[in-house]
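Structure incoming, see below.
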Amino acid sequence: MSLMLICDDLMNVNWIQILLNSAVTGSLYLIGAVGLTVTYGLSGFPNFAHAEFLTLGAFIGFWIAEDIGAPLPVAFIVAFLITGIISVLCYRFIFQPLAKKGASTIHLMVASIALGFIIRYSIGAVWSWTPMYFSIKWPSYIVGSVRIAGQWSLLIVVALVLAFSMHLILIKTRIGKAIRASSSNPDLALASGINVGRIILITWFAGAGLAAVAGIFRAVNTQIWPLTGWDIILPIFAVVVLGGIGNYYGAIAAAFIIGLAENVGVVFLTSIGLSTEYRMAIAFIIIVITLIVKPQGLAMLFRRG
Amino acid sequence: MNIAVYILDIIIYIGIFSIVAISLNLEYGFTGLGNFGKVAFFLIGAYTYAILSQAGVPFYLCLICGGIIAAIGGLIISLPALRLREDYLAIVTLTVGEILRLIVKTESSIGGGVWGISVKRAISISFPAGFSAINKTVINAGVQIVLIFGILALCFIVLQLLTRSPYGRIMRALRDNELATESLGKSRAKYKAQVFMLGSAIAGIAGGLFAQYIRFIDPYMFMPIVTFTVWIMSLVGGPANFTGALLGATLVQIFDRGTNILKDYITLPIDPVNLQYILFGVLIILVLFFRPQGLLRESKFTTRPLKLVYEKRRSDTSNKKS
Amino acid sequence: MKKEEAILQIKRASKHFGGFYAVNDVSLEVKRGQICGLVGPNGSGKSTLFNTILGLQKPDSGDIIFNGTRINDAAPHQIYNMGMVNAFQIPHIFPSMSVLDNILIAARDYPGENMIESLFLRRKWQEKEQKLIEEAMEILKFVNLDMLGFALTSELSGGQRKLLEIAKGLMAKPTLFLLDEPAAGVNPVLGKKIFQKLQELTQEGMTFLIIEHRLDLLFEFASWIYVLNKGIIVAMGQPHEIVDNPDFYQAYLGEK
Amino acid sequence: MTRKILLVLLIAVLLLPATIACSETTPTETAPIKIGVNLSLTGDLGAMGVKMLDAARLAVKEINAAGGVLGRQLVLVEESDNTDPAKGLERTKKMIDVDGIQAMVGPMITGTANSSGPYAAENNVVMVTPSATAADLSNQDWKPYLYRICLLDDLQAEVLANVVMEKGYQRLATIVQDNTYGKGLEAALVSSLEVKGWTGEHVVAVHFDSVKKDYLSELQQIKDANPDVVFAVTYADDGIIVFKQALDLGLDSIAWLGCDGNYGSGLFADAQSAEFMAKAFVAGTRTVGGIGDVTAKFNANFEKEYGYAPEVYCDTTYDCVYAIAKAIQAAGAYDGAKIQAAMAGLKWEGASGPISFNAKGDRDSGSFELWKVEKDANGNYANVRVSVVNV
Amino acid sequence: MAGILSTQNVKAGYNDVIIIHDVSLEVACGEIVAILGPNGSGKSTFIKCILGFAKLFDGNVLYDGNIITGITSDKAVSMGISYVPQINNVFPNLTISENLDIGAYHRSNKSEIKNSISEIFDMFPELAVKKKNLAGNLSGGERQMLAIARAIMAQPKVLLLDEPFASLSPKPIAVILSKLTSIKQNGIAIMMVEQNVREALSISDRGYVLVNGSCVMSGNSDSLFAEEFSRQKFLGLEEKKFDRNKFRVHNDS
């Protein structure tokens, strides 16, 4: 296809809609990635079972909202709490003892993959592999040339509120400062009287809780089944890696960059005649290039994270 | 009903996956390279074999080419990736595997895309009329076993010799302490790239063997789960021991097939497929907790002369005592 | 052997990190067959200087000349193979291997370390290895580790590891041996023994450049001392000269 | 040490058959007949496979209630390929070698048909697939041992092409699953249109990964290309997401065409998806049972048994079991080669319509239904028949 | 003088290496004690073993009359022992104010903390100007000040400093010296490890000299300072008689 035609194609695109879609994708990735990046930074290994925390949260939320019939906010809160507690138990009884025994990063990573198997297939055994759907019907609005669905606006609002409140927590509160201090200089944090072990448990709790929230959003937007989390774990890893491992502000920027890259990528892929299937590859290539060229990712821009 | 035939199939699978597992043992167990993209090289080998054999290239050349192209792929990945931290290397290799699978899936001109590609057996025997189906299957399986276990034995011996040589000593040293190895005058970039290429080549050959045994390949066969399975084999059997890789491959295959057969005879409260993976997860965590070095340990001796000196010394001391 | 000849020359070498000069315009010479000491308080740039010599860091300016060759741009493994080896302050051991393996790997010009040769020329490297094992045993005897040849390195005590680190360096038959605090972390008696051994080795033409905080030991055995402070050589001379040099005390005990 | 380990390995390998052999009972003339089922019960297509398995079980139950086959009861050996053709072959081998089946329902996916085909043919085991529609399978040399109850892609594509021609659409967009099913139907439709002399343009082709489950930008692409008709190839699970997101983006103003994969109440599990389909779909295709009450009876029994309406390929799976039962009856023995021979001559009215096979073992007769989605007075959505086309 | 913090015959080191042999010393309220010695003498190891960062093989640590051997660092901080490591002693990704907040981590009274911060800023006006800056961007002297300020935020009774003057130029050293004096005036005991003997002794009340892991000298600072002639002793060179004729190699150089 000639360049003229490509340009022509790109002119016809509803870019504002694409930007909105990117914000939706990015918001989901952000909520999913925050916990992973913080625990990765503090505990020092990539927790692949994070995907299963998304799934688990989604199923708990579904159970509360659909089977019990509680309102959605209750589902969010209960899913947050239960997933957080399970995550803490996993850390306390699997990863922490392994790390104390001197397990290598690779061993911890393999253990997290194994834990992922256990949770994923346990969910499969309990809830079956048949996808399920939230019955909530969301309104859809038209603003100019852009269409916004109710769940998207909620997702974006939650992501923004999360981003901002996390910022406040990290900057203003005692615990937030302790988290940043622990990831900035663990030894000194210990010498300053911070119980770093407890801080790590708290981040595992909150991180998995947020993963649960992301899982529910993913489920509301699409469907719920045992692979709900695994389906998007690699883009979430892309966010973590691009943002700089352990860097919260980097993760915010990276989430929206990757959301944008994926959605704009679809436009470019079709306009140059490639399959939109390579959309998945965009996030993958970002991972590979970031780790090889600049492993600290965007963290250098956000030193305060 | 021919359970014997099924056993032959299990043995062939054990053979193929042992080859992949020993290549992982070479990379991870001996050299400390955490390659989570094993399936990528397996895929390269399988597709190279499939495409070349369709073009009428003899099977041994297909296998060798599969190995060579996988080695080149390994080199391309290893050049930038091998200086990475171990968890970064793991994520990069895992991701590269997925990118590669996405490419063969999307580009139907490479290997049929989603439609897959049929592959001819390496050695096909024309049977005279009147041969029973069972006999044909058994003979074919026998040929496969000879082929696959021949190559497995070759890889095993070569790697065993390699790791029990000064070269193997450098590999272990790299695993234990990269910086110290470099400061002892060994270029770690060179050795790591060589090991990664060799490991990838072996995985590629295994991919070719797999393709010709299955006789059909498509992108859905090369999911990350293949890599994880190989890791389970390696970790359970003993990462720094090639016999351990064989043991691991055997145990995992028997576990996999055994539970699948058992489910027909035992009524379980939960779905057997789910149970299987849950048990796999539990198994790995238990191994990491209680036997992190795997069932079989690393050999004490790096080379034969060392072993001889050790034995001589032991017999000397015992002679003195008596 | 010409003892007067300088085996290592550093000409006006500098190395800075950001705006901080860790090594600032340092020139020094190590003569063949000498034990040369490098002392200075913490943070004076000794380790950076060592790293620069060993090729682990590139100097920003100046020349490093080893045996008449400029080695500024050589990789660490190349420098090693030219005959300059080092022993780290914290022993860099290979814990999963035996003591003998740890030493054998340090040998230079070993044919079996090539993949092809180690596979196909087995007789060749095995013969060589037998000789190397004998040499290694000699060295182990020299550092009193001969009974532990087949022990796993992870089972060694701190002092034994230190000796092993030195033994590794000796296995490479170096012409110049850089030691970073050989006596740190070992008991005083053993520390003295180590230095005695090193002195024996100078008789065979080996040259040593040593960082050591056990000044009593170093000054007893070294024939020439450089005092480094804040990246600059502030004093040099024979130990008895250094002991009388106020600059030396100023470096160590602070400004007046 | 090494020798000990090898010994252990050997014993382990030998122990396995022993345990199996112990639990085996020798087959007799009155023992149940074991029929294999090879579907995808987990993995990408797991949700669909589980429902198809229900249909197979229903058929077995009915046949056994009516006295079985040759006086023997039928038993299903249920295996899953996890949507992985390599696993599929392994499972096929297990059923053939361990369970001694001579005929099996499946494979469900084209990939497993390709991987399992040669082995089944070598062992004279008949495979009857409910859903592997790829045209390419007909040309394989092991094909005589694969019979297909499903109608092939190109037949369905022809029906769809007719709709496009009749309605006079000029700008075609396609959004299809990136697998043999989606790409196969898309290619068949485009070539069928070409044959029929269509003058329009295929403005955009989107191949989506059914795992991605977020298709906003893909749909936006379609919207921006400004087509007048969109052809979707999805199954229920991904279809729901495509359609609900299409509704979110306002794509219901364009005419949509569907296929057998997105037929069925599964798509109405999500209210927005149902609403979209009711608004946008001008037509979809699927194979149907023509006249006769076999279909109605199947639908009723299925719903009664499992509490949900049968979905796509449930009827063909059901017919697969009947095909095998009838062939065994006709062959007079449970023997693969004989069943294979008997199968060719079968002709009956199944739940999916009149069934008979051409020389290649593909179904040569059947009816396609054109369907729409409508909302009834109670606010429930349902598929409604527009017309039936016989091919 | 009752020691607020003292050690009795401690043996300490890392892994299985003993670096400190039988060292007993003490620091009293409102006193600065300098622990001197050449590098490698085990000074840092000694200070680390008090808080469990190095391994304590034998002996006891007493705080306020109680045995606190083997205490964890977070407990030690809340009891009133603050520690300033030699390197990595600030949180580079946190601002100055946040570093100070972390220093007050175990305190709960917010208004008191606020008061402390303003006191700190009074004492360290250099930090007050840059309170929103990231600690990672500070100069060496400023970092050291921040590290000390952070430690004081915990309202310690004893402050342990590990080489506060290392790799600083004379000017910041002078500033920090004056700050330490004012800290002492607030009644905080300071135990400081230092190899810059003159600077350390200029403000300390007493001093101990460690050589090769053992205490070779102790006394009040003036007397130690007066022993200028024994400077060789500081470096463990006192009994060595270097044979001037032993080396002929360099006679010409």
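Labels for the chains are A, B, C, D and E, by order of writing; each one numbers its residues from 1.
Definition applied: a residue touches a chain if its C-beta (ideal position, glycine included) is under 8 Å from a C-beta of that chain, and two chains touch if they have at least 3 such contacts.
Nothing here was measured: the structure is a model prediction, and the numbers come from that model.
Fewest steps needed to get from subunit D to subunit E, stepping only to touching chains, is 2. Listed by label, the chains that touch subunit A and also subunit C are B, E.
The chain pair A-D and the chain pair A-E differ in C-beta contact count, and the higher one is A-D. Between the Cα centres of subunit B and subunit C there is a gap of 42 Å.
The distance from the centre of subunit C to the centre of subunit D, with each centre set as the mean of the Cα atoms, comes to 73 Å.
Each chain gets a centre from the mean of its Cα atoms; for subunit A and subunit B, those two points are 33 Å apart.
Distance between chain centres (mean CA atoms), subunit B to subunit D: 35 Å.
Residue positions 105-106, 271, 273-274 of subunit B each touch two or more of the other chains. For subunit A, the set of residues touching two or more other chains reads 124, 275, 277, 280. Going by the touch rule set out above, the chain pairs that meet are A-B, A-D, A-E, B-C, B-D, C-E.
Against subunit A, in their complex, subunit D makes its touches with residues 41-42, 46-47, 50, 178, 204, 206-209, 211-214, 216-218, 220-221, 223-226, 237, 240-241, 247-250, 269-272. Touching subunit A in their complex are the following residues of subunit E: 51, 53, 73-74, 76-78, 83, 85, 88-95, 98, 101-103, 105-106, 134, 136, 150, 154.
Subunit C makes touch with subunit B in their complex at residues 54, 56, 75-78, 80-81, 85-86, 88, 92-98, 100-101, 104-106, 108, 110, 112-115, 118-119, 122, 125-126, 129-130, 133, 149-150, 168, 172.
Put simply, subunit E touches subunit C in their complex at residues 14-17, 19, 38-41, 163, 165-167, 170, 195-200, 212, 231-232, 234-237, 239-240, 242-244, 247, 249-250.
Of all residues in subunit B, those touching subunit C in their complex are 158, 161-162, 165-170, 172-173, 175-177, 179-187, 194, 198, 240, 298, 300-306, 309-310, 313.
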